[in-house]
Each structure stands twice: as structure tokens, then as C-alpha cells.
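In the two complexes below, chain A is the common chain; its partner is chain B in one and chain C in the other.
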Partner chain A sequence: MLQSRIGETIDQIVNEYRGRRGVLLQVFHRIQEAFGYVPPEAMEPIAAAFRIPPSTLFGTLTFYSEFRTEPPARVQVGMCLGPTCHIKGAEVVKQILEYRLGLSGEHDASLDVAIHEVECAGHCHLAPLVYVNGMPEGPVEVSAAQQLADRILSQVSA
Partner chain B sequence: METVKISIDGQEYEVEKGIPLVLAAERAGVRIPHLCFNEGLSVFAGCRVCVVNIEGARGLPTSCTTPTADGQIIWTKTPEVLDMQRGVMSLILADHPDRCLSCHRQEHCGIQGVCLRDAVVTYRCLTCAKNGRCEFQSTSEEMEMHRYPMRYYQERHSWYGPEHKELPIRRENPFVELDFNECILCTRCVRACDEVRGLSCYEMTYKGPEAKIGTSFGLPLQGVGCDGCGACVDVCPVASILDKPSKWKGVADQAVSTTCTLCSAGCTLDVEVKDNAFLRAAANRSDGANHGVSCARGRQALGAQSSATGRVGRPLIRRDGKLVESTWDEALAFLAQQLPAYKGAFASIISSRLTNEDGYLLSRFAREVMGGDAPAIHTPVDDSALVEPLAGMLGVAASTNPLDDIGDAKCVLVFGSDPQVSQPVAAWQARRTARFTGGTLMVASPRQIELNQQAQQWLQYRPGTESALIAGLLSTILEENLTATEFVAANTQGLEALQASLAALTPARCAELTGVPEADIRSAARAFATAPGSAIVYDAGITQFTNDTGAVSALVDLALLTGQVGKPGSGIHVLRSGGNTQGLSDLGLATGAVLTTLDAARSGQVQALFIAGADLAGLDATRNAATAIDRAAFVVVAGTMLDATAQLADVVLPLTAPLEQAGTVTNSERRVQRTEAVLPAPDRTEPLWGVLQALATAMGAAGFQAADANAVFEQAVQATPAYAGLSYGALAEGGKQWGAPVLYGDGFPGGKALFRPVTLPQSPVVPDASFPLLVAIGYEPLAYHLEVQTAREDPHSRPWDDDVLQVHADDAARQGVADGDRVRVVTQHGEFAGVAAVTTNGLPGVVTLRLPALEDASVITGAVAAMAAQANGARLTAGRLEK
Partner chain C sequence: MQAYEALVAQAQAAARPSRTLIQVSMDSGAQHRGAQDTLAAIRTAVADRGIDAEVGIVGGNGMCWAEPLVRLTLPNQAPVVYGPVTAADAPQWLGDVLAGNLRPDLALGTEGETAIGDIVPFSQQPYFQVQRRNLLARMGKTDPENVDHYLATSGYAGLDKALDGLSPEDIVKLLLDGNLTGRGGANFPAGRKWDFLRTARGTEKYLICNADEGDPGAFVNRILLESDPFLVIEGMTIGGYVTGAPYGFIYIRDEYPLAVERVRKALDQARARGLLGKNILGTDFSYDMEVVRGAGAYVCGEETGLIASIQDYRGMPRIKPPFPAQAGVFMKPTNVNNVETYAYVPGILANGPEWFSSVGLGVNKGTKLFSLSGRINRLCIVEVDMGTPIRTLMETCGGGLDPAHTFKGIQQGGPLGGVIPADWIDTGLDPANFNSQGTIMGSGGLIFLDERDCIVDLCKWLTHFDSKESCGRCTTCRIGSMRMVDILDRMTKGIAVADDLAIMQHLELVMNNANCVHGQFTPKPFNAAYKWFKAEFEAHVFEHRCPSSACRDLVQYTIDPAKATGAVAAALVASCPVDAIVTAADSAVIVQDKCIRCGLCQAAVPDAVSVSPRTTFEAPVREVRYG
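And then the complex of A and B:
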């Protein structure tokens, strides 16, 4: 996205909330919705509009793990590590996915795929459960993990 | 102060009520170990080291969060308390490099000893820059942590072992180095920057085990508003935030409090000395003019003033065209023989950073012995026009209120100036209003200044229309009946003339002239007039025309019209140029007279010149001073360096440098303060007053003898009515203001204050087709005045890179200029080259030269000097940009 477009969108969002108090988290959420993360460019306009120093904003931003300060990967893989999934071998599934997606060790700097752990969402009938870009898939047995990884890879390269 | 009785470890103490227990104990002489607590900052209670046993309290409470109350019984040394304190400390140690803290050899070699026998020599305590002056280290030693069985961690044999944080060390800032691998998350830096300085450059970022002190997106400090004040350096208990220039220079032999003379704020700084040389400077936290706040200039450049390189070591006398080393006896005899021939044709110039004693004796010498005029004060920027209206309209040529009143005012108008540059402590006061007291900060300036970050209102006017903008404020107040009627009726005269002069200058007309929207002018006028206390702050940037008193007298009109004079939390604050300009002019020396003095030398009217401490010929600024000095038949230069001016002298007298001489100086709030001899003066250097008394005595004049600076000051007090009642001894500890702290509280000296009509200066500068841009002069914060005042040999006195031309993005786009290009500004008076900084700050059509040393006819660089001289005394001219 062009720099100026980023700036415009941020200004637009900031202006909606200008002059109101206690709206900082909403502003962060809206900016993250727009870009997938909160970019560094957002700090100055927010600081100026709400009269909060940029470093203080950043402290708030990084306090909440919900907010990202870097662009998200194109494919987000969520591994459920709840008790049922755990019993049904989710750890091994995760290892297979990581290995196949090239995310183990030093290779996980890629912006294409990211794996993160999620809490139990109650879909235990699907255990072991994997979310691909928010869509639940399951049960992903150990034997099926490799196929899922290949499918994700084709999605990435597409 | 309300007190309570408490018992600590079985001993009764009477302490202040309601303060943190840890502080009360410290004041009573009982030390409770603590790390995150720091007097003057809010209580954080993050380190948990200061736990104590309070009878009746649940568990072991932290003594920083417990306020003192009557009848408390506190135990700080019971086995239970000590075990808890050490347990807590061991948890902090687990996340900190530890060789200096828990080394088993500590008690053998001592905290500073050289150890070669430890297992891993390269990981010794000596590898830490803070070794020996680290609060964490001393606290750990005090708690005898090396004896403590480490339940929670194993001693590691490395500083930066694999388990360590390995955060990158940040070295981008010229003054502050950040290494958060050492950090113990006490957040003192966060609190100092936020609560004391009002800048909030640091914040605790991330959380849990990831938590670390950081800036917004890890930007370098200068990218998040840091002005290098060093508050974080002063409070950091570990080696995370370091004063970069002195990082490896170790522990001071001694620290001496003295007054900084780099600007007219007159901050009290603690100067650390090692091996008889300047080591580093820190803010003194007692109640001086600065209340524990310092600035980058004071911290970094103070030492350069006394740099040992290039010093004149002996008196020099010109023989056969060459300056030859001589002795004091010989030099004084020579002067006593030569000078009498020039009686009546003698003039003297003195640097504005020399002491009151120096100025007083030079003034007496010039008038009594040589039959000349009072000496001219050489200031970095000629500020005589800034003060004249204060004397002429109110009665006293000085700021009306103490600096604190800027911070205590409910509305502060910073007009045409950048206090961050001219007097950083005043900028801090203004920021205090905006951030901590709920007041309104208004900045009137063509460009955004650092204070804009905190300012609630910005009046962006076209350079050169200062008087018109103030006229707009005045006519709004008159039109909307916001006048302080009672005050005006009782205390002032000349209102009708003011009203008449404003008849044509309606707010709408002034909006048109200045480019500031009428609504903004009106709301600013309302805010200023209706606040319970409003202060005006300005420096030499207020007027773009030399010798123009119009803008300042309009500001005085504004203060009078709204009754913002003569009460606390208000007033007119002039940030004078030069460390002791106020003091020297109090003693009757002349401001704004350097150029006329030089002209008199050029015309032959003055034949003997005595120049003290001012390198007139060496500054690009007064380069043409050399021709005047050359014309004089006999030139005496007293100074520390063999500079360009000294090269022209017939006699050179070696002076002691500012940090080597005891004396007094007066800051811009009329506070007379002591400067101390922090460093030993080199052999054969003398303070100027010492030279003058010997010289006057040798020439047969009576009454010049004085044993020390103290005695000279007593003489000066006798001769100066305003200083009546001051005594040298009583000036220790923060000094004393002359006159009432708030002037005019009980009326004006002349009975009534005088309004002056507003006149707009005739702008000689009209951009046209060949010169389409307006060229203005700006400031370079760190460099401001430095070259004028410090030894140029010291690299730290020149922390900027290049002369900068700030070009508005619109103009840059039109000319195809990119950020960082080398460009020239061509004017009809000359041209100036520099590096382009493309910015959207400021107005399109205006190029700002940011110069190391400023400014007008008295100090100005090369082509700009010619520009100023020819453009009818304006600091503005028209020009064009060329690549």
C-alpha cells in the first residue's frame, strides 16, 4: 500500500475519534482492522490528536498481545492446545506443520505463514483442531497433518 | 511541616507526616535498601526490595508505599525482613549480569580493585561502564548478597551468556547510550522523563518476561522528543542509560556544585572532577533556579569552556611584531607605562559570561582609571532591544517574575521564540504548565518548535508580522471588554494612545496581515486575558528587525492591559542571551554597545581597546571586528585561548576559565548565584578582577585592592543600589534574587506603568520574481551560542554536522530539491550553502537557515551578516534556492 494511502486511512480513523477520551484501544483496533497491524506511521497522528506521547502509546499498544506491531503473515495457522486436542496429539501435529511449513528453527521469519497457539474454543469434536485464517479444520490427525501443510503451502504460493 | 513520632529498630524518631517511610527513614539516618524508589518521582513499588516489618501490618509491606503515621513501630533488620529483602534481590539478580555483584572475591579485592584471578577474566566487574558508581552494585554490596545462598538462580559465568537478553545496544544518540541488557525495570527513567520533564520518551513496553523499557517502535531517543536533558542518566541505577561521552571515564574524585553560565537560566549543576579535569555534569537536585533539571548544553559543553587545549599559559607582549612570552610583573609594568597615554580614548568590551566581579572592576577601571565609558557587554545575540521596553514602560530592566512563575501560570504565551534553544529550563517550565498544572500553553511562532508537542494552541504567523499579531490580541481584548479595568485605571497611563494606535488594527485586519485565522487570534486573546495568571515568554527570536522594540513593547502592553504583572504566576519573562548579561547590565555595563565601540575604534575616536573573554575577530559573525581592532593603536586582550582576537593584541593576559574561578553571576530572573572554582586554574592564569586590581594599583589608582571575589562583590554591592543587602556568603545554596521575587507587587517605581502605542515595522522585505522566497534565520538547539562560548577544539562542543537549510516541502518539490541535497540560498546580499532539510514544518515560501551560531548584526555568519546589515537591520531577506 502506498505511504500516502496509509496516512490517509490513519487520519480518517483518528479524526472519527478526535476529541473523545478513553478511545485509544478502539483506535488501535480500527487501525489493525484496516492494515492487519498497527504500523509505526500511526503513532504521530494518534499522539497529536489525543496529546499522548508516542512512547506512551507504544507501551499501551504492546501491553495487549491482541495488537500486532508488524504485518501479519498471509496465512495464519492457529493450533488449539486445549486438553482434548492435547490428548489427541496436537503437539505432534504442530511439530509436523512447523517442519513442513519451514517454520522450525531459524526459518520462521517468513511473512507468508505463521503458527500461533490458541485457547480451546470448545469444538472438541474436531480435535485436534487447526484454524487456517480463522476457519476451523479438523480433526487433523497426525496422519493428515502433512496433507494440510501441503494445502497451506499451495495457498501461500498461489 | 506536620511531624509524627515513629520507632525504627527500637529507636524513636520524629519525621514528616505522610511521606514514604523509606524516605523518612533515610532522612533520619536509617537506610532501607531500595532500587525503584527515587525522591522526587512517584512511587512505583516495582522492585520490592524495601520491604520492612511494621507492627500490626499484614505481611511485610514495602516501605515506599507506606506513608509515615503516628506510632508506627518498624523493624528493618530482623532475620525475617533481611531474608525477604535478599530473596527479592536475588530474583532481580537472576535477570542481571552479576559478576560485579556476587563475585566471591569481592571482599578480597574491594569493589574497585583490579582482579586478575577470577575464573573468567574478560567477564570481570571492570567490564561494566558503571562499575563503582552503580546503585544496584552498591545496594547489592550493602545487602551482602555475595553471602546469600542463591535459592532462585545460579551464578552465571558470563555477562552476555546464551541465556541473556541480547538486546541491541543503542548508540545513535550523541549523549545518551542505552543498553537495556542491564535493566532491572525500576522505571525510574520512565517516571523522570514523564513526571519531571514532561516529555515521556520512555515507556515500559511489552509485558511479562518480555517487558522492557523502550521508545515508540524502538526509535532512537532523538526521534521521540528527547532533548538530551539527562534526567534519565541521573536516575538510572544500573548501566542501562549512560552519559555517552564520559561512559568509560569512571568514578569522580569529587563533585562540586556550581552555576552554569552557558545561558541565562543559571542552572545549578554538580560538576564531577577526576584527575583535576572535567568528568561530567549532572543536575543538582536542590532548590536552585533549575530544580534538578538540566539540559544537553549544560551537561556536555560546560567542560569544554575549561578545556586545557589551546590555553594561553603566560602573559604575552608584542615585540617586533610577534607575541612573546613574558611574566605578570613585566606585563603589568608595560601596561602601566603604555595605558596612561590613552586616557580618554579607551574603550572596553567584556564577554557576557564573565562574573559580576570581573565586570564591576572592569567598569571601574574603564571609568575611573582610563576616563572611558562603561564597558560594552558582548552577548551572543544583541538583546538590548528586548529589555528596553521593560525598563521604559515598567521601570526595571529585567524579567518581572521568577522562572517558576512560568510553570505556575495558568496560561503561558511563548512568543516568537524557542525556549528549548535559548533557555531549555524555561521550556521545561512552560511544559509544566501544559502537562502538569492543567494550564494552557500557547505558542506563537512561524515554525513548529519542540514546545508545540505540548502546546494547546499554535499561532502560526508570517515572519516579520510579530507586532501585528500582538496588535490583534490587544484589539480583541479591547473589543471584547476583557481589559483588567481596575488594574489599568490604578496603575497605568497612556491607554488612549494605545487605543488610538490600534484603531486600524482590528482583529480581522491583523489576521490578514499575519496569516493567523481571526478565530485563533480571538481565542488566544480570551485565554490569555481570562486566566487567573498568564505569563509571557520571549527571547531574541521575537523580532525579525534589529533594534526594534515594537514587538516587545506590544507584549508589555498586553501584560498591562490584562493586569498580568505584579502577581505570582504571571509576568513577562525575557530569556536573555549570554550567561551573565543580566548581572553585568545590573552593574551598569552597556548592552548593545559592541558595534558602536568597534565603530569608534574604526574612526580613530578610540585608540586603546581592552577586550575580555570575547573572541570578536574569531567569530564568523563579527569577522569585520578585526579591521576595527587593527585600527586601534593599543589592544589588550584578556582571555583563555590564543584566539583570532588575541592574535591581534599588543598584550595578551591569560585568564582563568569559568569553571576555575569563584565569583557571582546573575541569571535572567535576577537571581545572583555563586560560581565555584571547580577545577584548579593553570599556573599563571588569573581571574579578570585580579588582573584589573593589580593593574589599577600599578597605575596608581586607589581603592582597587581586594583579597578575593568575596571582597570585590561586597564593593559591587555597595555601588549598586539594586544589589543592596546581598552578601557573598548568603548566596551559597541556590543564590538570592535582587529586588522582590515578583516585581511591581506594590506598584511601579515611577508611580504608573506606561502604555506605548503599537507601531508596525516597515517591512523592507518583499519577495519578488527573482527572489521569491523569504529567508529567515532559525536556531540549532545544541549548537546555539556554543561556538561563542566554548573552546572549539573540543569535539563535544560541536555535536551538529552541518549548516542546515530548512525548506518547505512545497518549495522543495517545485525546485526538485530532495532531503539531504547540498543547496545554496542566493539573496541579493550574498549567498549561503548548506544541507537541505525538507520539512512540512513552517510556511511554504519561507526558507530557514539553521545556523550553529546566531544571529543578528552582533553575531552572524558570513553572508548572513552581510544580508542583515544591508537589509535595513532585518533578520529577514528575500532569496531563491539553487542546487
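And then the complex of A and C:
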């Protein structure tokens, strides 16, 4: 049931772009918007529709850091590690968040919460900048990192 | 042309000057600071109180530090810009200004020429006086999602002029006369590049706008695309006319979702008005374009990497030649320019080449956008004459640095750029001044540093970025950058050896053999930093000491056991975010293996905690001989 729904959505997206060149990134973006990641089931229909060998397809998919091949965690913590965030202590904030969220060490693979790096987009007045499920929080000073971790944990358990 | 004049007349008729106009600046910077909430609060207040006013949005005007900005145009009065106006302040502010109290305390200035009470005109404020807003002329004044605003402010005048009697050769000559050079950092004459494509064989040609502004700390293209997308589109449309390319791509990085959305909206509106697509402005010239959204790969900013990315491949740069003008997208002739370069074209056509070439204090001409970040007081985007001294930007525009700290230098040109020391402060911002010293000015990101920032650590950060973003094709780049990170990492951990400095310089020779500039320029930050901050590297390598106290692995925190008993001990234990402080024999002790040296314990109980240089290191420091 779920499987066929995934297939239907993928076919729909692929058909929208069928016959056009240079649209693969767009297709991946659309699929990721629909599912939160690009599921393995998507590979075959895309390969067939655009006549791209699955190996090339997979190469493209994994080359770009924005595409996920696995479902995202429920609460995603994005850390900006741009230069301004870096000099203002983003790395210490990251270490504190990792520790408080139980992500340092062996317990990395959690479906509830995950920390990933975000590229600098110039919102440096909020440095060190942290996104919680896409919502910007900042500046998260080193002294405020622990409270932020507590708030994230309450979102995780909610 | 008649078709154009009709569009302008229609656009001007849409504006209703007799009505109060309230516009909230809505770029992604403002959104990060709650501009949507401010807009919603204003809309609610206007609706609830039955005020006869039009509420809308404008682009950001570069004053990122004062976001969210609100622009108020009362009937018969010049617009006044306020900021920051938070959602909580908005209702009160609205009530005040409509009741006749213009709230000079919140006002940043007026766009008119005369002061309104205590509100000073922007033209009399140093921040604007040192700037020349050629590209930013419409910033914060027009709605980026409304083509009428663009048309009503002499938008598309350049395209009109081009289609109304100028031949492609004439336009190439205009660009060459104006000496417009590529703004992305390479400074190649745009006119010549366009001429390559114009004279290239075949009719299937492409234009590409490189908006994959990946340099961390540079965000000048973002404001152009978010606040005046039509300017770039008009520039590319003229490019289509000159070069004969019927189709264009604008490749925008994934981190700029608002820019993607705005450019797509702008393309739709331009098409609806006959300014894009078939038979533009009723002529037989046709040109269309689309947005390609990137997916987080820095190396796609390199033109051949970008082309590979558009063609559905991994964004790996390839060897040149063939250059894109011979074989670009789908192996067809292609021209790639930066956002700023395209944005300059309409103005040069409308105002003549002198408008561009008469400006500039140094070798290169025109104005340049810069984004100021780092330790600067006011985060902002400014447009100044090429060659303006760094001091002007830093002090007049950026509001200087925290007076308690000393200016140390600037990281410029992104992770493939460099670091320049504080004594460059009176140097003009002109690529020629940078090139003569073996570094580059880059695309406009300036990150200000003070004495708290360690150059070695920054170098490690920049090189790590380059290493992570290496496409992996050339071994020299893929492995070379990893080795550089390893060595810099050792330096910041106090376990580097004397030869490491020599190896870093050898690596530069090796990495020169990489195919593209990504690999070739990866050693640039280290080179520049080592040239001007040699003592700092030597302190790390020979003395295992960080003069800026920024390298956390080179210090250690200790608790004085006599001062850390009872309640103090409890406070110290509670202050540690990573549970590295425990109580042993009635007093608090730091478990050094767990300590991340965040300094929070010292902040909690300054008397009981001391910082000292670290004396023991993970690996024994040993001499290694190479070669």
C-alpha cells in the first residue's frame, strides 16, 4: 500500500520532467520534498525515463550534500559552520549539543534527532546560528547551548 | 519603442502616490530576524483599525544589522525607513506614525533630500555617502516580486535601447569601452567573453548565470537575486540578444531558497509582459531561461563543474580547453558570467559606458559589492567604488570593531582566497592591489578578525572546507588537501613538528598540478597567512602555544582544590555542559579527557578556575626527517 503510493508519486514527478534535458537535480529536489529523502525505489523509474545509467544517477545523487538517501531524523539540528559562526564558537556549541543530545560516541544513528552541517548563507548577525527543523535560532552563545539542547530534547520527546 | 513605453505607462499607472504605503523589507536576512511576523502584525493592525494604507514588501537595502526594516511613505512625504521594527513594536509604531509622531528614535533615515524633523536624509549620512549605489539603486525601494515596480524605476530601459537600434556588435563595443570585467573574481573582460560566444558557430548556444555563491561569508549575490531579480534577468536577456543564445540557465545555490523562488516568480512575470520568451517587446528577438537549483556543492561554482551539474552529472570540473565558449552545456557554446556582471549590463546600456568606466579609484573600474561579516559591528552589504580603502568600509559602513579588541586582519575571497593583516587597512579594494601581493580579492566577502581569532585555526577551517568540497577527480587536490588539513590540525593540537611548515610549502607545488582552480588555490589561504602571520604559526609549531588562546587543544583548565569545596564545587559541577567536572575528596576536579574547554566553569566561578598552557600532549613530539 505504502510502497505503491511511493511509486505513484515518483512516477508523477518523473512524468512532469520526461523528455527534458538537464532536469535531474530538479527531479531529485522534488522527490526529496515529497518524501524527505530520495528513496532507492526512485532510481529505476528515473533511470528509465531519462535514459541515464543507474550508476551515473547514483553518482549524481550522492555527490551533492543536500540530497539524503535515508529518511531524515524527526528533529533535525542544522549547525552553520561558516567563518563567522566558527570564530564565535560554533564548534564548542556543536560539541555541547552533541553531548547533551546523546549524539557523541556510539549512539550516532538516531531517528529522533540528528545534527548536520549547514553552509553559510550570510545570516551572520545570528552567529553562532543553529537551525532546529529549519527554524533559525541565534545567536546561540556557548553559555546558551545547554538550554537549547534541553529545548530540542523536549521537542524530541513531544 | 512603443511596446516598452506602453509597459512603463501601465506600470506607473499602477502606483498610487496619494495613498499611505507601508513596506516591510523581505529578504532572507530580514526573514531570519522575524520580518514575516512584523509584516503580519502590521497587516493585522491596518485591518483592525480600518486604516487606508497599502501594505507590501520591498527588498532588503543592505543594512542587515537593522532588519527588519519598514519603509513608510506618507502622502506628500519622502519615504522614511525604520529599523529594527519587531512584531511587538509594530502596532505601537504604526499608531505613532499615523498620529503624526514620526518616531525619529526608530528611524534610520529618509530617502528624500531634506530632513523631516530629526530624521536625517540618507544622502547626508556617511554610511550612504561613501557608497555609490549603481547596482543597488532599487534595493529596499521596490517590490522584487512585482515587475511593475521594476519597470516604473527605469527597469528594462537597457533592453529597450538594445532592441531599438543597437546591433550586437555595438553592445560588445559598449561593454569593452566601459571595460566591464567579470565580477566573480577572475576579472576577464565581459565584452570579449560575449564576443567569443557571438562569433561561435551554430545556433544552439547557452548563457549561464553563476549564482552558486558558495564562498562562506560572501552573500552579495544573494541580495541582488532576492531584492532585484529583474536586473539580472534583464542583463541576461541582453546577453541573449548580443550572443545569439536563445536560452539561459541561472544556477542558484540551494542555500538561497528565497532567491530561487523570487527569480522564478520574476521569470513568470517577465514572460507575461512579453519581456521574455518569444518575440520580446514585439521584435523578432526571442530568448528564454530557467532556474537551476543547486544541491550543495561548492565546486559547482567553477564554471565547468557548474556545466556538468546542469547536465545531470556530478559537479566535477574538467580540464580546459575546450573552454565553455567552444563546448559548454550539452557540448554547445556557452557563456558563464557572475550575477554582478550580468546585473551591470542594463545600466551600461541605458547610461553609457562612462557611467561605469568613470568610477573607480584604482586600476579596475566600476563599483563592487562587498559583504561585511565576522567581528564587525554592523553586518551589511555595501556597494562602493572599486579601490575604496578598507578603512572606509570597516569604519564608516561596518561601524568598526568592538573597541575592547584590536583589529587583526581580514579573511577575504572565500576559502580559496587568503588572509590579509591589519596594516592593509588603507589599501584600496581593487583586485590589482591584491594580485600584486600574490593573493586575490575574490567575489566580495570580507570577514573581519580581531585578536581573539587564531589564524592557524582559521586556516585549518578554510582548508578543511576546501578538502571537504574537493570533487575528488585529481589526486593532488583530493589527497593534498587532506594532508594539509592533517598538518594544520596537528599545529592546532600542539603536536606538529618543525618539518610540517616545509611540507606545507611543498604541498603547494604539488597542488598546482590539480586540473582546476579549486585544487590549485587550496594552498592560498595558508600561503597568505604564513606570509603575514608567520610568528603565529611558529608559536604553534615550536612552542605549542596559541597566541590568541583560540586553539582549545593548547590550553587546559584547572580547578584550585582549596577554593572549590561545598557550594562552589556544586556550582562548578552544575556549570559543566559535558559533565567533565566531578567531586572528589570534597572538592571539584576536571576530568581532562572529557573537558572540551568551553570555559563555562571559569565564567561561573572565575576565582576557582584557571587556564594555563597545556603541557602534556596526545602524541610525543618527535622530529621527522623527510627527503
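Throughout what follows, the second predicted complex is superposed on the first by the 157 of 158 C-alpha atoms of A that agree within 3 Å, B and C clash if a C-alpha of one lies under 4 Å from a C-alpha of the other, contacts with A are read in each partner's own complex, and residues count from 1 in each chain.
Definition applied: a residue touches a chain if its C-beta (ideal position, glycine included) is under 8 Å from a C-beta of that chain, and two chains touch if they have at least 3 such contacts.
Remember, predicted model here, so these are calculated numbers, not experimental data.
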Q: Tell me which partner A:Pro40 touches in the superposition: chain B (first), chain C (second), both or neither.
A: first
Q) chain A residues in contact: does chain B have more, or chain C? A) C
Q: Examine A:Cys120 and indicate which partner it touches, taking first as chain B and second as chain C; both and neither are also allowed.
A: second
Q: Check whether A:Gly22 is in contact with chain B, with chain C, with both or with neither, and answer first, second, both or neither.
A: second
(Q) Per the contact definition in the header, classify A:Pro83: touching chain B only (first), chain C only (second), both, or neither. (A) second
Q.
With both complexes superposed on chain A, which partner does A:Phe58 reach: first (chain B), second (chain C), both or neither?
A. first
Q: Using the superposition on chain A described above, determine whether A:Tyr99 touches chain B (first), chain C (second), both, or neither.
A: second
**Q.** Contacts on chain A seen with chain B and repeated with chain C across the two complexes
**A.** 56, 59, 63, 65
Q | chain A residues within the chain C interface of the complex | A | 21-26, 28-29, 50, 52, 56, 59-60, 63-67, 82-84, 86-87, 92, 95-96, 99-100, 118-126, 136, 142-143, 145-146, 149
Q: In the complex, go through chain C and note every residue touching chain A.
A: 28-29, 32-33, 64-65, 67, 214, 216-219, 222, 249, 253-256, 292-298, 309-316, 329-330, 371, 373-375, 379, 411, 447, 449, 452-453, 458, 461-462, 471, 550, 552, 577-579, 596-600, 603
Q: Would you mind writing out the residues of chain A in touch with chain B in their complex?
A: 40, 43, 51, 53-59, 62-63, 65, 69
**Q.** Of chain B, residues touching chain A in the complex
**A.** 194, 199-207, 214-217, 219, 224-225, 453-454
